[in-house]
Amino acid sequence: MSVQLQSEPFEPGGLLTAFAAGRTETGAVASFTGIARAEAGATTTLELEAYPGFTDAEIARIGAAAAERWGLQGWLVVHRVGKIAPGEPVVFVATASRHRREAFEACDHLMDYLKSRAPFWKKEHGPDGDRWIEPTDRDRTDAQRWET
Amino acid sequence: MSVQLQSEPFEPGGLLTAFAAGRTETGAVASFTGIARAEAGATTTLELEAYPGFTDAEIARIGAAAAERWGLQGWLVVHRVGKIAPGEPVVFVATASRHRREAFEACDHLMDYLKSRAPFWKKEHGPDGDRWIEPTDRDRTDAQRWET
Amino acid sequence: MAKVLLFGRLADVAGWRDAEIEATSLHALRDTLTATDSALGEALAGPGVQAAVDKVIVRGDAPLTATSEVAFLPPMSGG
Amino acid sequence: MAKVLLFGRLADVAGWRDAEIEATSLHALRDTLTATDSALGEALAGPGVQAAVDKVIVRGDAPLTATSEVAFLPPMSGG
């Protein structure tokens, strides 16, 4: 039940180990790691801006709602902010539940939210300069799956 | 692109770290860890029997089909066999792809297969003796989601 | 003197990220910003730009005090 | 002498997990097993029990050689 925004790189395996430890009544732990792609040599650097105190509170609100909806035993969101080099993890989400369907759906849902609507502003620094990125149509479509 | 059946316990975080390492063109790594639940004090021990050379080949065939269907950049299945104590991980699945939908769906699909139809025979050793476990209705329903 | 924060491309348009600006309401603050920098004023009025007062999204006007924190937020892109 | 393997509850019914048994076909092997142990014969004929010869599922009959490996597999439960 935790949100962590950090400018330092993180290691997904260590986060999964800590998250899964000591869960005798948990049957299922789903995780997702989002990695900044190198985009075949187009050496772009991703930069993410957050509003501390607002961004983490919004994510915590969505996480708590997901925990309620899917009866989660635990959830964790770790998100990088600032400049992120290609190949580095950007986001890690883990969910725990008794059965696997709930863990999968909640993890999938949280990722759709984080990628499409969470309060981040995203810039790509590329060879042709900087540009601000807007959510893709697919992000919107993915996020809409949960609105029924 | 690997299947591993083992009687020794494994550590999911270490598997995730190794699986995610060095993937510059991967945007998404989904993972699932299935844990033997303690079932609130009913101290049961799970025992899984596999047919070496058959069980791993069947799982590899399903993994390869999933890799083709979802365009995976990599996948890994690690599965315990033999006696498994409550709280210990039973199965770990990881999938890698450019975008997150493919990694999630392939991981979910592989887990449904592994839990419902993979060539394992499952026994519970409990306080009231041993019993062989058959797939649940929900396992069948989950697996059928992929047949369209 | 409300504390004003600009995020994403709004900060690029304005050339600053945070400032202390005299204003007794959100509307008054927008008027002051637009009078000082018409490009920023136009960006603030653009589609999907939201304002938060003390980290709560506000639609319409709101009173501001000396300790208010006002943030202008372009459409959120996700991470 | 085919190598015969029993899995899951079939091994519990028979009281053994592997054996070397003389048989030139899968049908002949089933007949021999049933003649020796009627409870096992019944279990082998039960719903969902499959046979694999050299790790390939076989429906119907199949010839066996001295090096064949025959496995009888109850319904697979998943892991």
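Going in written order, the chains are labelled A, B, C and D, and every chain counts its residues from 1.
Heads up, the rule we're going with is that contacts are C-beta pairs under 8 Å (C-beta built on N, C-alpha and C of every residue); 3 or more make two chains touch, one makes a residue touch a chain.
This structure is a prediction, so every number in the text was calculated from the model and none was measured.
Chemist: Could you pull out the chain whose C-alpha mean position is farthest off from that of chain A?
Modeler: D
Chemist: Quick check: how many Å separate the C-alpha centres of chain B and chain C?
Modeler: About 50 Å separates the centre of chain B from that of chain C.
Chemist: Could you put a whole-Å number on the gap between the CA centroids of chain B and chain D?
Modeler: 27
Chemist: Centre to centre, by mean C-alpha position, how many angstrom separate chain C and chain D?
Modeler: Each chain reduced to its C-alpha mean, chain C and chain D end up 76 Å apart.
Chemist: Out of chain D, which residues touch more than one other chain, so two or more?
Modeler: Residues of chain D touching two or more partner chains: there are none.
Chemist: Identify all positions of chain A at which a residue touches two or more other chains, and write them in rising order.
Modeler: Counting only residues that touch two or more other chains, chain A contributes 34, 115.
Chemist: Could you run through all the chain pairs that touch each other?
Modeler: Pairs flagged as touching, ordered by label: A-B, A-C, B-D.
Chemist: Mind listing the chain A positions that touch chain B in their complex?
Modeler: Within the complex, chain A touches chain B at residues 11-18, 20, 22-40, 86-87, 89, 98-101, 103-104, 107-108, 111, 115, 138, 142.
Chemist: Which stretch or stretches of chain B touch chain D in the complex?
Modeler: 34, 48-49, 51, 53-54, 57, 79-80, 90-91, 113-123, 132-135, 139
Chemist: Tell me, which parts of chain C touch chain A in their complex?
Modeler: It is residues 5, 7-9, 12, 52, 55, 71, 73-79 of chain C that touch chain A.
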